[in-house]
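A single structure is presented below for examination.
Order as written gives the chain letters A, B, C, D and E; numbering starts at 1 within each chain.
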Amino acid sequence: QDISFRLPWILNVQGAGYVMAKEKGFYEEEGLNVEIMPGGPNLNSTALVASGANTFGSNDVNGVIFGANQGMDLVIVGACFQRHPAGVITLAEANINEPKDLVGKTLAYNEGGPWTLTQAMLAKAGVALTDINLVVSPSTELLINKTVDAKTGFTVNEPIAVELAGLPTKVLLPSDYGVNTYAEAIFTTKAYAEANPEVVRKFLAATRKGYDYAYANQEETVAAVVAINTQLDPVQQAEQLRRQEAYVYTDFTKANGACAFDGAVVSDTMDVMKEFAGLETTLDPATLFTTEYLPQ
Amino acid sequence: MLLDPDARGQAGSTAEAIGIENVSMSFQGRQGPVEALRGINLTIPQNRFISIVGRSGCGKSTLLRIISGLIPQSAGTIRVMGRSTQDYQKEKKFGFVFQEASLFPWKTARDNVRLPLDVIGIGTPAERAARADDLLRLTRLEGFADHYPAQLSGGMRQRVSIARALSYEPEILLMDEPFGALDEFTRREMHDELIRIWQTRPVTVVFVTHSLSEALYLSDAIVVMAPRPGRIKAVVPVAHPRLADPDMRHHPDVIAQTRDLERLIHEQ
Amino acid sequence: MSSDAMAAPAASSGRGSAALAKLRELGPSIGLFLLVGVIWEASVKLFAVPAYLLPAPSVIGTRMWATRVMLWENLASTMTAAVLGFILGTAIAVGLAIVFLYSRTAERALFPWAITIKTIPILAIAPLLTIWLGFGLAPKVAIAALICFFPTLVNTVKGLRTVDRNALEFMAVIGASKGQTFRHARLFAALPYTFAAAKISSSAAVIGAIVAEFTGANLGIGTLIVTAGYQMDSAMLFAAIITSSLATIVLFYAVILLEKLCLYWPEARMDA
Amino acid sequence: MSSDAMAAPAASSGRGSAALAKLRELGPSIGLFLLVGVIWEASVKLFAVPAYLLPAPSVIGTRMWATRVMLWENLASTMTAAVLGFILGTAIAVGLAIVFLYSRTAERALFPWAITIKTIPILAIAPLLTIWLGFGLAPKVAIAALICFFPTLVNTVKGLRTVDRNALEFMAVIGASKGQTFRHARLFAALPYTFAAAKISSSAAVIGAIVAEFTGANLGIGTLIVTAGYQMDSAMLFAAIITSSLATIVLFYAVILLEKLCLYWPEARMDA
Amino acid sequence: MLLDPDARGQAGSTAEAIGIENVSMSFQGRQGPVEALRGINLTIPQNRFISIVGRSGCGKSTLLRIISGLIPQSAGTIRVMGRSTQDYQKEKKFGFVFQEASLFPWKTARDNVRLPLDVIGIGTPAERAARADDLLRLTRLEGFADHYPAQLSGGMRQRVSIARALSYEPEILLMDEPFGALDEFTRREMHDELIRIWQTRPVTVVFVTHSLSEALYLSDAIVVMAPRPGRIKAVVPVAHPRLADPDMRHHPDVIAQTRDLERLIHEQ
């Protein structure tokens, strides 16, 4: 069975679980021939799956919601990043320990998931955006340069570079302030899932084994990932993989297995998106996911 | 107007080469139609050398372009060697030499000369090259077959242009101010060259110029045109026989005739 | 007779009113635009193409109307940056061209840099620009200017040097200063070349501003495009692109109008 | 006497060997490149600018050497797409220009589309192109081709129409067919114009390919730039940009070489 | 060589306008230096009309450009009205008329004529405009002050060019094949125009041409140059007085002199 899988980002340790499932022959054992394809800053894994170009994809759950809202026939079948690593990255010296410390500070943001979640966090913490000095830029360099005190971004990789530059960082995670959402989720089209329930099941089962193997054998995993994408820096990758572990393995997944989920937060996510990401929808959250293909 | 066949010592058949009857031409200009030619009647016998003179804008080029079939006349008929212009054009081709040699800068002298042979499809490629070399010899350009136009002087370019027009052996050679861009000295050399070539082969030449001395030096007869509307004012047989002696330019007969022609052109 | 040579003489062209001629000129393009629109609409409807792959023109149009205020605000921001960048880039290019005119050494030293700049994918260095230039208008203007700069420089250098030699010698004979020679002769000789480049770079300037907005801005067509991408809202994406395209075409014609005003003398214009 | 007019005559220029002249020509640019390099290096060292903000040339150079194999592989991928796109875009532009030559209606209908395409920020539609065209070489080539297309079209149309009227009339007089007229006259008349545009679009093609790689690719300078951004690796970012710039300059000179071969006759070349 | 001041009926001072002593000029060419002029000696008295003739490349333009100070000679000295060329150029300015009118296409006829006044800074702006209009009247272009060069015929453009050269009242007028681009009829009109203007004001004219008839018709004396290296072969006073009668062109004296000059030019 030939299957293609679209990553949400360039191939790096973020996709470690899939890479190791393939490397270690877990997909093959299930009779699946999986091609793992990289995404990029400008590539949309949801549209590629919806249009049939790829069988499975992974993306931020809010990406799947936006896609479904555009009429894509998508369904989430697994959620591997249980918490979202997006949030606010700050310089330690700015001494920002909770959202209200951002008042009067300069925060760089750019459009996208981290900004949506950050707005939700600030709202929950009762911090008005007008009390923060907001600038727009994706550049982490701004933080190193101390042009800004904080920026929105992905806390599993962006702080590494800042720290390698000799500047200790702190992060504010929306998930610590009651903003609950998955990050990376595995999805396919409803039509495909209904027609090929066994394939979906096998894919998820093998992927879980891949995740477990990857986080249990981090050195080997980094080596495998860097061997595929030689552009990557192994030191950085190892550190990122280490930081990711807490997002993949929560109490829930430790109990139910990697990528397992109950879908409870999908509805919360939609509420956040309605309020902070301009989502206008009449979608029923319950139609967006199913747990029926998860390995038992 | 019929050119007097015996106006000049030169022996020649009286058979008609070009017959122009009541030809008119008007262009669609910005401010209404421009009458470039009105009621042109002219018969040119075979193997004559005819010049057309007249002030700028009197329709000399237009007449030549109509004869050659480049543009269709608005009214009237033209016979060329007994055929219609279009038929003649298809079967036999005119020789045409333009003001400013208009060679193809990307072709060597030889390739420029053989271009019509290639296009028409005369002979084998080897024969065409040989014929081009013959013509370059005739026009005294032996050593320059592989030169590009930009590597030739103005006079040499004009000679290539003439060789090109002769390459497919036209019976009729139309020349539109071919020497206008040359300096006086080179021009005189070209005159003698042209007469030499014309004497070596039977060909009817229609030569447009605005230089009277050139017209008088070269032709059997001169057609004087007047502008607005373009029309034929007179057809004047050349009084004094042409010779390869440059001093002939200053013969009293020539001077008298120049004066007459000047008056003819200048009076409205 | 071959009709190939007849393009130029255009003899006996039929008469017709100016309006009719204009229609004949615009007819095919309007016709094709309509045709493409109809086929697009029909095939989207017929094959039920999902909107995320290709929204129907009617959907895009409806969206443009519904979001017209927002489109307008964002467009204004982008076009402000684009026009400022266009003016700045053109001014620097013309200034540098003048420096090159009077200093061969400067030209030899700086021209390779101009070529090198042209080979840099601006998007790659856009994130660095906020560090160097700060936020807001400045980096947008800078990128728009950078993108306009090269063609105008090349063309203006060429234009300034193509002045008729006789004209320069005449200025020398009457003892004109460099400034006078420039003002009376070179400036006008260069204008047609500068405008030929300006026509090209006007659209490049808008794209430059949009690209700058991709990497960080809170207003502008670029942010609309980023947001539409984030929300996977193809109709909005197309609405934003069409809006900026229309504005770019307007800018293009504005430059042509300015050219007509500046190149007032007959036979001045070069066709781009 | 004003020296302003003296550019052309170049009277009594000092004698000197060809090598010396070449050195005088290249000297200032090499000198400035070295000077900028030294100042850059020194100020990075002096002010201890962190590599993340601006890596020193020595650091970039070391990195380029260390990663030369990877740079080469990625460059090869980008340049393959760029060159194919360049060839394709140029071919389509020339083909369309020929269509325009023989059909005014086609020109009137299609030319506004060509202008419209020029006003679209390609990056914005790149994600859709990947969906429409698939993954891998195709969208890279398509974007490179799209970006090359417009200037070549405009210039070739102009070139095909600028053939000397006398040349066309001569072809008509000898009863040449359209094909013959094209082959012997128009083709060569258009070549200098086409090459003038090709020189410009060669660098645009590389940038187009890189932009396409931004949207997701396995290999290419664009992916190096994205990865460098993701890893905050400024030295790698500069290494990638410098590599592609050098390759673009090589491509530029390759086109110039090809031009010299194609425009073999004297006085053929137009300076871009 | 000193021009015989009494060679012609025309009264004139014998004071020197231009004195050329042993002037040589070589250009740095691709294949070594080109000797454009060698050992030129020539004295031109004031208010004469001198023509320079010779084959293409014999250094006519180069000599004119050296006199006007556009390029520095390699050797020798030049005096203009008793000063060095550079000083004269700074203080007084030459009048210069080029082949192909070389007007500024972005300036109207009036603005072209007043350009030198603007540059040199003569008079008030109003005076300059008035002076330009005077000169346009002198050159019979009353109605065309506001026309751009592209809206004028070749002959009219050449007249604007002459008006421009006269606007700052030069004592010395240098003309380099000014009528080369005109057709013969327009050219003759320009000849008569030029003579008329020359007669109305004191001015020394140095006129380069490759037309002998033009030189003979216009000048007091003709300088014949020879090429490789460019040198003066002879200075020939014009034998027959110039008159505004075109028939004078055919006077036997003129014809005889033409023949002599031709021989002079053609012999190496």
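Observations on the model:
Following the convention adopted for this analysis, a residue touches a chain if its C-beta (ideal position, glycine included) is under 8 Å from a C-beta of that chain, and two chains touch if they have at least 3 such contacts.
The chain list, named the UniProt way, goes like this: B, E = NitT/TauT family transport system ATP-binding protein; C, D = NitT/TauT family transport system permease protein.
Just so it is clear, the structure is predicted and the values come from calculations on it, not from any experiment.
Between the contact lists of chain B and chain C, the overlap consists of D, E.
For the criterion of most C-beta pairs in contact, the winning chain pair is C-D. The distance from the centre of chain A to the centre of chain C, each centre being the mean of the chain's C-alpha atoms, comes to 40 Å. Computed centre separation for the pair chain C/chain E is 48 angstrom, with centres defined by C-alpha atoms.
As a whole-number value, the distance joining the C-alpha centres of chain A and chain E reads 85 Å.
Residue positions of chain D with contacts to 2 or more other chains are 1, 5, 53, 123, 127, 131, 169, 171-172, 175-176, 214.
Contact of a single residue of chain E with at least two other chains is seen at positions 69-70, 89. Along chain A, residues 42, 44, 47, 51, 141, 145 each make contact with two or more other chains. Residues of chain E touching chain C in their complex: 65, 68-70, 89-90, 93-94, 96, 98-100, 102, 104-107, 115-116, 118-120, 148, 150-151, 168. Residue ranges on chain A touching chain C, taken from their complex, read 42, 44, 46-47, 50-51, 63, 66-67, 69-72, 108, 110-113, 134-139, 141-142, 145, 147, 277-279.
Taken in their complex, chain D has these residues touching chain C: 1-2, 4-5, 7-8, 25-29, 31-33, 53, 105-106, 108-113, 115-116, 118-121, 123-125, 127-128, 131-132, 151, 154, 158, 161, 165, 168-169, 171-172, 175-178, 181, 200, 203, 206-207, 210-211, 214, 222, 225, 229, 237, 240-241, 244-245, 248-249, 252, 271-272.
Here chain B touches chain E in the complex through residues 55-56, 183-186, 210-212, 246-247, 250, 255, 258-259, 262, 265-266, going by the rule given at the top.
Of all residues in chain D, those touching chain B in their complex are 164, 166-167, 169-176, 180, 184-185, 188, 264-268.
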